[in-house]
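Got some structures for you, see below.
Look at the two complexes coming up: chain A is in both, with chain B in one and chain C in the other.
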Partner chain A sequence: MVSHSSSVIVRHVRLLATPATILVLVAAVIPLVVLSTTVVRSADIISIWQNPAVQKALVFSLWQALLSTIFTILVGLIATWYLTRYQFRGRQALITLITVSFVLPTVTVGAAFIAVLPSWLHHSTFAIVLAHLFFNISIVVRTVGPRWNSMSDQLIDSARTLGATPLQTWRHVIMPLGKSAIYSSAALTFFMCFTSYGIVTILGGPGLATLDIEIYRRAVQLGDLSGATVLAVAQMLFITIASLIWSRSRSVELMTFRVAAVSQHKPAVVPKLFIGALTIFFLAPLLALSIASIRTGQNWSFSGWKVLLGIQNQRGLQVDIWQALLTSGKYALIASCIALPTGVAATYAFSKNGSTNGRWSSLAILPLSISPVVVGLAILVTYDFAPFEFRSSWFLIPIVHAAIAMPFVVRATLPVVQGIPPDLRSAAATLGASPWRRFCFIEIPLLRPAITTGIAFSMAISLGEFGATSFLTRRESQTLPIVIADLFGKAGVIPRASGMAASLLLVIVTGIIVLSVDRKPHV
Partner chain B sequence: MKQARALPLIAAVLTTCTIIASCSSDSSTTQELTLLAYDSFTPPEGAFEEFTQETGITVQIAFSGDAGEMVAKASLTAGNPEGDVIWGVDNTLISRATESKIFASDPIEVDYGYVCVNFDIEALGQVQAPMTLDDLILPEYKGMLVVENPATSSTGLAFLLATIAAFGDSWPDYWQQLVANDVLVVDSWDEAYYTAFTRYGGDRPLVVSYSTSPPAEVIFADPPLPAGSPALTGVAAGTCFKQVEYAGVLRGTEFTKQAQQLVDYLAGPTFQALLPESLFVYPANKDVELPQSFIDYAPKIVNSFSLPSEDIAKNRQSWTDQWSAIVLQ
Partner chain C sequence: MSLVIDNISFSYGDRDILRNFTLQIPPGKTTAVVGPSGSGKSTLLRIIAGLLTPATGTIVLNGYDISRAPTHLRSVGMVFQDNQLFPHLNVYDNVAFGLRMAKVDKRIIAERCQELLNLVGLTEAAKQSVATLSGGEAKRVALARALAPSPQVLLLDEPLTGLDNELHDRLAQDLQRILHATSTTALLVTHLIPEAEVISDAIHHLIDGDQSPQVGIRH
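Let's look at the complex of A and B:
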């Protein structure tokens, strides 16, 4: 009976990692190996590290990532605490705002930050850290939030009644409950900041570069493909190995869109101030964008919007925003179609009957660790012979988007799959349900919130993706982020206002997608 | 109620995917050529209609990132190209491109433009506008100029090359004086122009941009300017570096003859006439008349700086490294 009760899904569990493995192999690993064997000169493997620019970039990558992570975790934990402990008006809107920020294109956010920050802060590590906080705080809120959601008021109250000071309560009750979620979000934040590209180029100013920027400079500006590839492979290995070590004894934590307030407390003065400041911090860049989109020089005007939406014709400007929206939407749909099933299947492979295989699941981070430029070049030299002649096919773009989004699908579903009690499956099996029926009628309904989260994440990530898309050859119309970059390339008040309007449009579209799954708070 | 939400959503997503996938495969009966171009290559709609009518060949544009990225990709795929013709390899990149043997035959010049210091007329007010590179180090322009980093921006590279062409080996001294005159360096053209330039809320009335930015400012003015209005921005005509862009048949194309026809069309009068007001460059074809906006607002650049493409390719890294050491310590 026991062997029968383990479902087909569980029995062939390892096979379920196949689609995800193929996706990662096809979109990243195989091309990288081919590129390495084609362009790398063996001398560079050692000598590249002696280059002062490379050393500087490496040190700066580590330093700013460390600083950004500490800052993000600190502010993120306070934010999560208030968002889970207090009920206030606009709470859900603030959570949505924080999530939308996570998937905004860096070009847009960089421009918005420049608009908001005083000029003496424009080019500083502080500006970079602030922008990284803006992007990644949602990782903390959405990972730690669900943990603290499961902690009731009574628990804290009883700790207090038993004589624990607030500090003791924090150390012995609250922290342990969130600990693994905090570790998990810290790791992801660190890797996101370590490979930061757009934010550092815009806000860091000249002279400050991360390893990813140095890779780009070598590959494109200096024509040093060999050096760029060595660095890209090293970065991939570093991040993969680091996340393997980091997650050895820890599980991957849930990332969900739903963060509930467990108590109905109204915030006191300090939380109110903090929430207010946080709201301003997240609203200000969007407000700056909105204002800039209706400013043409000294005037207020909707011409930027009119030109963008095709209501008004503008000599010298070719924008087909509807086509771009359609293309972006198509890529986002296909990317989520690929990322979702592969991600969910991988999740089953990683989770054996409720126990985590944290080590292997951490490998899902791999696609996030490779420089998009190097992936682009690698794809060019890899898929250039029949029958694999698809290096400049349109479908490479959604495939690469799917590879980037898949780690987030795994994060959204893994803890939920692990949480399905094995008894439930056995019970259904005993009652005569086939494995397929059990999957459809027990597991899918339980997974539903995680699946919608996964769809929304992958669509939003695909919509905002710029680096890899701009480097892959595109024969069709442009995607939304590329239209934005094109508009900002022409001199004049109309292209600038239209570019700002297009950025805001991207924010709105992303917001709608996130809101559509965030609508009903799920406790 | 809640039960019903996810399954229809998944079903809808999957159905849409299938429909999209089945729609995207179309079999073409007419011949098609692929033109590789940088992302900002945006000729007006119908720009290739005449070519298609004459030859029966349709043109598909394949966007390949910015010009630097495009050349990096074309070099890597030399002999087995992603397209048949390439548009827009400029003189700072052309020698790297020819060294990697990306072309089937010699590429031809298709357009040119100038990278020059622009000034905001209103913001300068009573201050006389600068005209030459030497002017820029005068005390009256202290704290006024913003330039792009040549290591990250092609505009910035062109301006650095102008100073190298102008001052030869003593260009580092010139840059030291610019630094002493409080020059601001940013990473990209759009940050310089749209953030630091006074016209867009910054505090720098002088910016390294293009000689054709003033006509663009007028064309893109809002509300539209009446004919004969004074210009909004001006050009320091003695600070210009000439950028030439080339197009050519890619080595390895199956359709060399047709590809050459396309290159000829790109250099021909019909296509060339579209360039000024869509890409904001000058047509290489001398028979093409310039539009009124260029005649009125783009100054004629009589003397510009330039350097041999081979020198640029050879010294690019050492020049930008040296520049970084002086300007970004």
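Let's look at the complex of A and C:
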């Protein structure tokens, strides 16, 4: 057997983490350090917590995140079980739908729920929890799914032959075997909901705000940069410490995007009903979005689309949708070009000796839970001094998008890299393949599906990124999510219809990219 | 504790796996069904365990028709081909699993597990993770686990597959001794006639779902 040290990939394993480290340093760490050391007034460190709005935002962030996590895990586990154990018509389509929902821009998810829910539920915690469920169920399905999928039917059969009832089998076999994956998905869901910005911006209305929204409000609307920074750093520290404590006591499960599906069972009545309800839950908001885009008040009208596409003029409403589409496309392309090589290199650094280093795994989960709003604010403050006056430069946006998307590339490629048997490289070596040729002819072809998934997800994340972009965008470089948020911020039925139309456009563009590159996402 | 399998038929789609299979196992005896791969042996065991539903036929255990009973209420123990030990539980907890499901008193569970681990020669391995067991040890744990709840009938699905010759022969002898010592009514399916000859009291052949007459009886 050829040792790992002879592989070109593993020989320079530490150096491979360099691009990822630089990216994370430039886009997150340095700005966060600068932010916390420059603008904070020492008095604010204590006094800001006495502010009623801050207290309210903190309590709301915690409790809506807790509620959303419990709800998402409950529904997500049932969905995961049925999707991994049963074969039914439309199963692949439902998996795709759930996958796409995870990368949908948060503002469009918010808009879709505005469209589907009755108006009395619009600015409610219920609406937020429901949207978080829609958005995050994919985390549970894709983290716990591979675990349960690899569990043999006979293991469950053996529990049954030992006298376990279906409930006992769940409690003593199925749940314990998925335990670490369930904990990991719960942690990630909680962090995603705790730092939720786009969804709460739209569905929370003026009354309900998370800490992220309060940070944005303080920094942009009140000009209280010091207070906003104290909150941002506190949130960062809370998430970092919580992640580390969580990952120290448990093995961290990665979210995977490609695992072969093996399911032969045909669902009975209850699973069928659940699957039907789940399909409606995922389709209804998108259908409602389509309908709302052609409704102006009580009438059917294409005015929203016409204004959006520049066919019809509306006073006080100037939207350059083509420019926004072009800008979004450009950023998505650049972000994926940065995120892909950086992420793949980092994957090899993480998978040293064929097993994932625990600390590295927990670091891989961390960027997903750092609030993009905090990153945006930090960059705005940091790159404002000569010779680093980049705050108005457009290229900062795709760099930040790449930093946010990179963990997804790692998550897509890591299980594949780890799954390559060392003997495969050895076999190639005994057939005369040099380390470089082994990489090109063995590893790259095996990694290809994961790479395409990584590209699709990077592009989708960049297309939908809202939190950081809302800080960094300029009038001439507005992305589609910013245009959508602007439209929803304007009064009147036509801006609302245009906002719905723009949201639908973003869903379509995102869906096309994800489906064209990553045609068969598996659970 | 006799097991009567009467006129069982089973098919996957158009393909008949078992055709009118009938078998009677006397109390405390081990019967073997021998046949090549794909002959329907494992299907037969899964039907008896309630993991598959036959198209026709009945299964009567100890005078009771269990054909429609759910698996966990059948009192049927099973040793799977690849053991299927629970990876998150240690050796002791694997053996105790069935007793815990039946909510047996902790003290009795401890005694019973000790007794069974003694019987299979693994007393020292009680706290060991099942991942660290050798092939032979894992088979012994699987057997102890299946015997622990004192099932009325034990089903053995190619229980000695994958072992080297020496270990295979030794475990076959041990298995015969344990089944005899515990007076367990058992049904063994295997593709190896010599294995069946060592372990069982009677042998039946199964070829492509069809049963040939009983070919050998010991004792």
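Assume the second predicted complex is superposed on the first by the 397 of 523 C-alpha atoms of A that agree within 3 Å, B and C clash if a C-alpha of one lies under 4 Å from a C-alpha of the other, contacts with A are read in each partner's own complex, and residues count from 1 in each chain.
In the analysis below, contacts are C-beta pairs under 8 Å (C-beta built on N, C-alpha and C of every residue); 3 or more make two chains touch, one makes a residue touch a chain.
Because the structure is predicted, anything quoted here is derived from the model rather than measured.
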Based on the superposed arrangement, let me know which partner A:433 touches: chain B (first), chain C (second), both, or neither? neither
Classify the contacts of A:78 with the two partner chains as first (chain B alone), second (chain C alone), both, or neither. neither
For A:160, decide between first (touching chain B), second (touching chain C), both and neither. second
Please work out whether A:223 is in contact with chain B alone, chain C alone, both, or neither, and reply first, second, both or neither. first
Going by the touch definition up top, name the partner, chain B or chain C, that contacts more of chain A. B
With both complexes overlaid on chain A, does A:177 touch chain B (first), chain C (second), both or neither? second
Report for A:168: first if it touches chain B alone, second if chain C alone, otherwise both or neither. second
Counting only touches as set out at the top, which of chain B and chain C does A:451 meet: first, second, both, neither? first
Where does A:442 make contact in the superposed view: on chain B (first), on chain C (second), on both, or on neither? neither
Residue by residue on chain A, keep only those touching chain B in one complex and chain C in the other, then list them. none
Enumerate the contact residues on chain C facing chain A in the complex. 46, 49-51, 70-78, 80, 82, 84, 86-88, 97-98, 100-102, 145-146, 149, 155
Per the contact definition, I'd like the list of chain B residues that touch chain A in the complex. 2-3, 5-7, 9-10, 13-14, 16-17, 20-21, 24, 34, 36, 39-40, 42-45, 60-66, 68-69, 72-73, 75-77, 80, 82-83, 96, 149, 151-152, 185-191, 193-195, 199-203, 209-210, 213, 216-217, 219-223, 277-278, 280, 316-317, 320-321, 324, 327-328
If you look only at chain A, which of its residues touch chain B in the complex? 39, 53, 111, 114-115, 119, 122-123, 201-202, 204-207, 217, 219-223, 225, 296-297, 299, 301, 303-304, 314-318, 330, 333-334, 336-337, 340, 373, 376-377, 380-381, 384, 391-392, 394, 444-445, 448-449, 451-452, 455, 470-471, 473-475, 478, 482, 485-486, 488-497, 520
Looking at the complex, which residues from chain A come into contact with chain C? 152, 154-155, 157-166, 168, 172-173, 176-177, 179
